[in-house]
Amino acid sequence: MGRRIINRRPGKGGALFWGALPFLAVLVLYVTFSALRLAENPNDKLLPAFSTIADTVHRLAFVPDSRSGQVLLWADTASSLTRLGLGLLVSTVIGLVLGIGTGLIPYVRAGLSPFIAVLSLIPPMAVLPILFIVFGLDELSKVVLIVIGIAPFLVRDMAMRVEAIPSELVIKAQTLGANTWQIVTRLVLPSVWPKLMDSLRLSLGPAWLFLISAEAIAAQDGLGYRIFLVRRYLAMDVILPYVVWITLLAFCMDWALRYANRRLCPWLERGAS
Amino acid sequence: LSAEKKDFKVAWSIYAGWMPWGYAADSGLMKKWADKYGISVEIVQINDYVESINQYTAGAFDGCVMTNMDALTIPAAGGVDSTSLISGDFSNGNDGIVLKKGKTVADLKGQKINLVELSVSHYLLARALDTVKLKEKDVSVVNTSDADIVSVFTSSADSTAVVTWNPQLAEVSAVKGATKVFDSSKIPGEIIDLMVVNSATLKDNPKLGKALVGVWYEMMAKMEAGDQGMLEAMAKASGTDLAGYKAQLVTTKMFYKPADAVTFTTSAQLPKTMDMVRSFSFEHGLLGEGAKTKDAVGIAFPGGKTIGDAKNVKLRFDAEFMKLAADGKL
Amino acid sequence: MSRVTVDNLWMEYGDQVVLERVNLDIPSGEFCALVGPSGCGKTTFLRLLLSMEAPTRGTIRVDGEKLSPEPGPDRGVVFQRYSAYPHLTVEENVILGLEFARAPLWGKLWGKAKRQAQDEVAAVIHAVGLDHAKSKYPAELSGGMQQRLSIAQALVRKPRILLMDEPFGALDPGTKAQMHDLVRDLWRAEKMTVFMVTHDIKEGFGLGTRVLAFDKVRVDPDEPQAYGATITLNLPLEDKAERAQVVQL
Amino acid sequence: MGRRIINRRPGKGGALFWGALPFLAVLVLYVTFSALRLAENPNDKLLPAFSTIADTVHRLAFVPDSRSGQVLLWADTASSLTRLGLGLLVSTVIGLVLGIGTGLIPYVRAGLSPFIAVLSLIPPMAVLPILFIVFGLDELSKVVLIVIGIAPFLVRDMAMRVEAIPSELVIKAQTLGANTWQIVTRLVLPSVWPKLMDSLRLSLGPAWLFLISAEAIAAQDGLGYRIFLVRRYLAMDVILPYVVWITLLAFCMDWALRYANRRLCPWLERGAS
Amino acid sequence: MSRVTVDNLWMEYGDQVVLERVNLDIPSGEFCALVGPSGCGKTTFLRLLLSMEAPTRGTIRVDGEKLSPEPGPDRGVVFQRYSAYPHLTVEENVILGLEFARAPLWGKLWGKAKRQAQDEVAAVIHAVGLDHAKSKYPAELSGGMQQRLSIAQALVRKPRILLMDEPFGALDPGTKAQMHDLVRDLWRAEKMTVFMVTHDIKEGFGLGTRVLAFDKVRVDPDEPQAYGATITLNLPLEDKAERAQVVQL
């Protein structure tokens, strides 16, 4: 009927089809170029064939390492996820506390907001030596690098969201007798919670990036460590599945956050029609 | 300033000649030797080589593995009086120059060369250019991180020449049509891999030196004997397999016997080598802006010989502890 | 007791004068109906009474003391645009005032205390006709239902001064009459001072004990923003029996 | 008068004072620790004295380099800013086009949004070799790394903002006869523009980070190049002023974006009281 | 011509039935006033007419053809909550409809074309009394001014069917009378079919040529959401002279 394109919606199947399309395209591209390169040089390591990758994945994911008796992939995943989880947790708490603080309380804003703005602009990689001296080289420093990497973003984003709460709602809470703390718990927190989840989702990419960088500098296990280790041999048959695996993990987290948002914030869906 | 203490930390990073340190930590040999001297030594693996030296220089570690050139330009130039406790090996083909276009060093002229600037690769390049009377001005140097050098050379047509070390060197040499035109076997004994410790700490705590040297030569003996378990563990830890690791060892001149290391360290060649290294470092500003001549930082050798400012000796080559090992007194 | 005294009040937004020379003395317990043409400054006047904004000149006093410079539970408000909390259901929205008072720490009641509060507000929710929408979120309510929710929310804390901005504008006559009864009863019982903006003159005269009309007295046709509105009519409905009972002159 | 803390505002001077406080604190910390370390080792490189830093800055910013004849700081700044500017520009355009596309048009959303979500989660540093094949090693690849680093974030953020436009406003535009393109130019673009500026501000940190990382991979000039180069001998007297300089540049951009927002979107300030 | 026929319409939100068995046949040109208790489904009915939502059952036809499934310039709307574009000034908001029609590419007029459009809307802006607020943004307007802006915006495109949800609710009697005149004149001139929700019965009978009352006919006290509202009264005001002139039966 010539409807405007903004009013035309694909069905369930259609959405699946269109969603899968770009992935398929990438896959086809990969297979083609891999075959081309391998035809020229059967030992090419840059774009290994799927069979090679499958062998490597089998070895990484199912054969215990002779030295440590651990299965590498799972051991790496466990340590990386622990670091990442801790980093995200701490960043979230900082983002929430400082974000609400700077967004809501003028004095805190005056004191912290320029500092945090500047902090968020310092490239952490450039001051690594200082960070390592201050925080040591063990687990702490990796978590700290994640926190330094994403917490300022979360703080600033949260502050912006808090400032965007309509002033009527804050005023009304005060006429209902709320003190500052109650305004935080009953109005500000639930209002910015869904935005926090969204911001966290947007920070997942950077968080992994910082984790990998941290693990590449000082670690003895972890997904980033393994990638760093084999990178010198250009072992793309290890790197690619690791990257896919990292992306998959990140995607699951992304999905979980979205799901949590829907469950914890029913008002977002109700009445939106 | 440093007093006697019990707990020490040394850092190491992944490189063919340094893999035994990882094995020492994992196998418990380090603990054995530390216990013997009533101290504890923690061996920490740091993946980023430069970061490990930086951390040592900043005081986070009592010792660290590094090359002779980095020992001069980072801790010594940074005012941290450092002592080379162990001369573990020298690069005998472990560092090299690989070209896609051209077959000789002279072909480097005018090319863009990917390498880690100001590292031993850079030094190797300078020495190679010397051999054909070229100057650094005749080439153009592109700073490229060591982790990316293989992918840069393999995947990009823009990259036609690289200088790097193993295992990256083996990977880039294997690229179709690539030629290795120069390697460190042509300048033997100039790129030396050391265990460096803080001089003051060592002076106050000779036990640390004894424990480190002791464990090192126990492992060297095992390695020389071809201990399969040890070699395999080290291969794995460096991210390759036994064959790959052995290939790297071929181009590394390990001093398995302490006596050989002592001979090397006390030889008259070492001061000459270090003089070349410090000249290079000075020309590239690596001795710091305060350094007006290459003599700014003094270097001491066994037997009391020094080069450079004798009042500002910051790098000391020591053979005493290795001698103890050679004499079986540990 | 909450006598409201306004002394030579001016309010300007940029170079637009909205209110000028407003002088008032409202006895405690008065039910003031504010009328006036659209855009003349009635909402602005309420915002000033609520300390949402500071006047450009002049002062407002309550019982002789300067108005507290921040909103508080002494002054309840029903905004012109219904403004319930979107993340709370109808019942939670209404209970909120009680929770703020009774749970100083978290502002949230649990278990028995919560059930008791729910029982307390059940009456008011019923009175505004939202029993069956108790567990709906504001986005699921019709315009009139949101307006009623706002009223219920403001009434629960029984403020001494109640400010309402066209509270019954979106209601049908039947529902409106119920709301009138509800507000009138509460006003009588609590002896609140009420300011209600309305466009329904009949409603103003019916509910109020005093009618305040805002309008511009001076108009410059070339520069309409040069002069503001003021109170052109301040009419106590002294013949109202209720007024004698509630208002403390 | 015991006002709630959310209603108490510092004056102009107060804001300045509180804003400066954390910076002063950091400065004092630095000076103290620097002095302590220098007392122990006068050649300490980690926390050089201000006089050393000043000398170095003078050399970097005013004395032409003996090797290249250029004044290093300005040459580095020029190349870095060019790369960064290009990267930001391309990312903004991508963010705007794809963000509005995915946010507004259901079919585009179905096709691209999962792909972009996945893309944003892939750690770019781990797939560098593949980037090199596709984009080569010169300027292009550096710009591309910045784009890969921040464009997915911008796209996703923009899409969320577009979806948050009240549906009444979109419906109303249609009743006023707008076609899809007009809805984009007259409603969606102005609505998300201020958010785009905010998101760009939040991406400045990551953008610099990726620029610096890109310059660490293969470069002959640039601020990141210099930092990584001198990191080899822990020349914090160079790194620290460079970091401060980068932060200052980033802060100026941040300020410029905020200013542009205020100038281009007057409705944000008017009537907000 | 725009005869609106509604055939056995049902609308449900989840398990709540809002409208049930709505049947209507409205001749072209009719001015329908929709009345009914708050929350009964009047706004929902307008949303259906606007294709903002699809009915659960039943069909809506315009001139015998199925209603286009998306909103378009044939149907203008004034929402219950004033919804002007916050990033446009009053004048820009009003001009927008013309710009969409005349500048297919960018939706923006420049230079002479723009000045001409400004002249065209000047009359309507004057009629709604916003001349002096021309360059203000909606956030700077009072509630009633925003409502008038919405009306002006909707009228500019002269839609064949005009849907208005309590368009005069926030206006004082004087302004309201002006608005009545404005809408009535336009309705007459353009012979639009108008659906207007109102709570003011007098307004409904005064302006409308037909009154439609919504209410529930069946109520289950335990499950109030089980039954929806329907049209309980469909009263053409046949004695109205205007009706004979405009409505095409």
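First chain written, first letter: the chains are A, B, C, D and E, and each begins at residue 1.
Just so it is clear, contacts are C-beta pairs under 8 Å (C-beta built on N, C-alpha and C of every residue); 3 or more make two chains touch, one makes a residue touch a chain.
A quick note: this is a predicted structure, and the numbers were derived from the prediction, not measured.
Between chain B and chain D, the least number of touching-chain steps is 1. Across all inter-chain contacts, the pair with the most C-beta pairs is A-D. Averaging Cα coordinates per chain places chain A and chain C 47 Å apart. For the pair chain B and chain C, the distance between mean C-alpha positions equals 80 Å.
Averaged C-alpha coordinates put the centre of chain B at 82 Å from the centre of chain E. Across the assembly, chain E contributes residues 13, 70, 81, 140-141 that each touch 2 or more other chains. With touch defined as above, residues shared between interfaces to two or more other chains in chain B number as follows: 54, 58-59, 148, 151, 154-155. Among all residues of chain A, those that touch two or more other chains are 4, 46, 129, 133, 174, 179, 234. Those chain pairs judged to touch are A-B, A-C, A-D, A-E, B-D, C-D, C-E, D-E. Looking at the complex, you find that chain D touches chain C at residues 1, 3-4, 7, 273. Here chain C touches chain D in the complex through residues 13, 53, 68-70, going by the rule given at the top. Residues 4-6, 8-10, 14-15, 18-19, 21-23, 46-47, 104-107, 110-115, 117-118, 120-127, 129-130, 133, 152-153, 156-157, 160, 170, 174, 179-180, 183, 198, 201-202, 204-206, 208-209, 212-213, 227, 234, 236, 239-240, 242-243, 246-247, 250-251, 254 of chain A are the ones that touch chain D when the two sit in their complex.
In the complex of the two chains, the chain D residues touching chain B come out as 40-46, 55-56, 59, 128-130, 132-133, 136-138, 216-220, 225, 228-229, 231-235, 237. Contact residues on chain E toward chain D in their complex (touch as defined above): 50, 52, 70-73, 75-77, 79, 81, 83, 85-88, 96-97, 99-101, 103-108, 136-141, 153-154, 156-157, 159.
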